[in-house]
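Two complexes come next, and they have one chain in common, chain A, joined by chain B in the first and chain C in the second.
Let's turn to the complex of A and B:
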């Protein structure tokens, strides 16, 4: 019975992690929907957001740190887009994957030089003001302790989800971006600059990743090697929900976070990190198009 | 390639090295480390280069081989000594027997893992397959971190058996096998399905079994390297088989030229020796490698050597002034 009473707490923790997986999955989806490329560097955008915010928060107010972190993410995204664009016309999918993998390792290496390997604590958005370490506000609900920062994470995720859905469904630019993946030649014929849309998709995905990073850093700390695991689990969510499917990826991300947390807390704490990979492999074997996805086009 | 005389020459040379060179000397350690890189790069080249699939979890097979081999020699040595009478043998013979048993066990275990991972490659296209192999590699690492019998995250210590002869022999053997595979019936079938799956199957090539074969063969080679590596220092740690390690192997294969065994060998040696000799370089290693990788993909996606191979015949026909027949 003792274990069962932990369930609400585990769900809250899992939900927080799941929201981040969901945002990473959204980043994948944005780039995938525009270019058809799986961006292996997506996790590093989260890392950059978290690290830049953490480093700047030590000296400046969040009014400086947050926009700077998102901007830094967008900039890195734009540079990566430049690298992907050069060969995009003639390159095989694998070439592009290797480029994004290389970029991800490079970003991690450079970040390690700039900021070192130690985890940096970040004060929560709405903590209790005080000297030194800022404690977060927290309250109890159904036996679980919920920190204010966790609500921020959920709120930011919700905002991103609604914003992205509206953007891709109703705005002209969003529709143009979707057209690029469906048929680049056709998109070009009707006057869409595929090049511009590809850059835009990378910038958006990177900006969202950075936003996710800075939101979650007060909960999980900022560390230069945080990106790989987040990226992998975000993938897992994106594939689980069906690549290219926004709502699928988001639901899968949150579910993945909760399942992971429950498995870790109730069954085998050591294998918590394996959960995502087992699910991923099972899905890829049984239903590669994802649980909620349309039939993937098999080349 | 290596018939009769050449094979004897290699054996003799390795024996000579074994008897005269201290395997723990700095230089021989670096060279032995590059042997492991060569085995890994050449084996990955079979999946990524010959067969045109995309695996980024090669360190997973390496880990399976290493841990299986290490477990066998750690937990099974006493049994082997008792039941096979190994204890009465001279030390070098007993060591060799244990090492060989570990290599066989490691290769078989890795081959089984390769079979399991190879199966999804039948229905997954490139990018999905990449993720699946990546997931596999990470899964293997998490599993080994959590098995206490093999030390968990602290690492696994066994009695080291450091043998220039065996490491050298298996390296040469794997390179030879891979090189001969290229122009064999099976090798040509793999290349056919890399270039065009539909056309290959129309020609009567069984795509399913060849894809799985590539994975099984490549994994078995990586497992062999793993078992040897486990005995090299007698110490294993799950984190030495992480994602970065897989990426390092990919970088060797890609820079060397996807599909070129010669390229894989050269890249593996250079990328292992370089960080060892240039200490300052070692810190920046991954940044530089990844930058090289990106640049290589942008400028020359087929790798530095493309699919060309070095061979004595082309060397002879071209003469020495062309500098080695690496067309």
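Let's turn to the complex of A and C:
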């Protein structure tokens, strides 16, 4: 009985994690929608955003740390795009995907070398000002404690979702990016530089990942190995939502976070991380096109 | 306006163009005809920069463009309506047209996109009704109209058309050829690849005949239409059905 009273709290925690999975899924979707490539380094962009923000926050104001963290993410995204692009002319999509796995391992190694392995606490955006460790504001709702930072996470996620949806639907660049995925040969014939769009998609996905990282780090700390699990779960969310489908990935990400949190809190805490993969396998067996995907995606 | 000098293009070891030379003057409609596998598509793709020539040179307005990237030639006024249309099938008709004007400069675009779209709709009224529909769900004829419309949105000075009548019903073919004829009034230069030789020779001023990677005949359209060899090979009974 005691366990049931935890449910609201577990949902709040799961929702926060789920938002991050959702943003990672958006990153997967942006790159997939432009290139058809699944970028397994997506989780590392989150890590870079969190780590750069954490390290800089120790010395500078967030006015410096936040833009620097997002920029660092964008820069790494551009470099990765360079690695993916150089062989792009010939390489099969599978080769490119393997390159992103290699890049992910390399980024983690470099990060570990630069920043070490210890988790770094990060002050919340709107904490209670004071000496030393800054405590977050929090309030109670239906038996759960909600931290202000968790609201920030939800707000940033919502902004990203709305922003990306509008961007891909209504801006010329967004339409050009979709055109590259639908028909790269046709895109070149209307004068779109497919390479430029690929670079842009990596930069955007990386910047968003970094933004997610710096937003979530006050809740979960910043750690150099945080990217692996986030990347894989974001990938699960993207697939569950039907690859290439924004709203699908976002809903799947949030649902995944909540289900995971409930499973971990109420049933078997040791197997919390396995939940995502069990669901993914089940879905791939029953509905290979994802939960919200189109049935036949003809090209 | 457009000139090819001994252009050779290969797919690996297969030589598809064995040194072709041709030219299209400003405001002309020139037809490029020949049997399947002659190398017509290869020739257009080499001009538009989709393929790079092994040797020989391609000139646009006197400047060499051999080997230039396809996307860099669109802002220079060279636009291709490719074989297979290459539409953005998961995007709407309207989005396809807007993307056609992708490389027009920003200042021009605001003012002119609507005007250009109006021109395309005047040419192909059915597209106007289909604006929100996904390009992949259009009929074959509508898709060809959209492919031409998308190319026109770039305001081409030289338009390369690859078999616009392929697989279409005679009435639709007539609409499409009428539209190509209208382009001449705007002074657009056209290089037209066609299997429908009769229709092509009717609309073009001059024509080239290709066979197995070579140009085997050239001349004014009237001259070629009267040539007995052409008549036997391309303008026989079978072709009358397509036209009438």
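As a convention for this text, the second predicted complex is superposed on the first by the 294 of 299 C-alpha atoms of A that agree within 3 Å, B and C clash if a C-alpha of one lies under 4 Å from a C-alpha of the other, contacts with A are read in each partner's own complex, and residues count from 1 in each chain.
The rule is short, and it goes like this: a residue touches a chain if its C-beta (ideal position, glycine included) is under 8 Å from a C-beta of that chain, and two chains touch if they have at least 3 such contacts.
Just so it is clear, the model here is predicted, and its values are computed rather than measured.
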{"item": "First (chain B), second (chain C), both or neither touched by A:284", "value": "first"}
{"item": "Chain B versus chain C as contact partner of A:178, first or second or both or neither", "value": "second"}
{"item": "Partner chain in contact with A:139 - chain B first, chain C second, else both or neither", "value": "neither"}
{"item": "Partner chain in contact with A:60 - chain B first, chain C second, else both or neither", "value": "neither"}
{"item": "Which superposed partner A:193 touches (first chain B, second chain C, both, neither)", "value": "second"}
{"item": "Chain B or chain C, by number of chain A residues touched", "value": "B"}
{"item": "On chain A, positions contacted by chain B and by chain C", "value": "298-299"}
{"item": "Chain C partner contacts - residues on chain A that touch it in the complex", "value": "172, 175-176, 178-179, 182-183, 185-194, 298-299"}
{"item": "In the complex with chain A, residue positions of chain B that touch it", "value": "54, 56, 119-120, 123-128, 130-132, 134-136, 138-139, 142-143, 145-146, 243-244, 247, 250-251, 254, 284, 286-287, 289-291, 293-294, 297-298, 301"}
{"item": "Residues of chain A that touch chain B when the two form their complex", "value": "38, 83, 86-87, 91-95, 97-99, 101-106, 108-110, 113, 228, 232, 235-236, 239, 268, 270-271, 273-274, 276-278, 280-281, 284-285, 288, 296, 298-299"}
{"item": "Residue numbers on chain C that touch chain A, as the complex places them", "value": "48, 50, 69-72, 74-75, 79-80, 82, 85-91, 95, 98-100, 102-103, 136, 150-151, 154"}
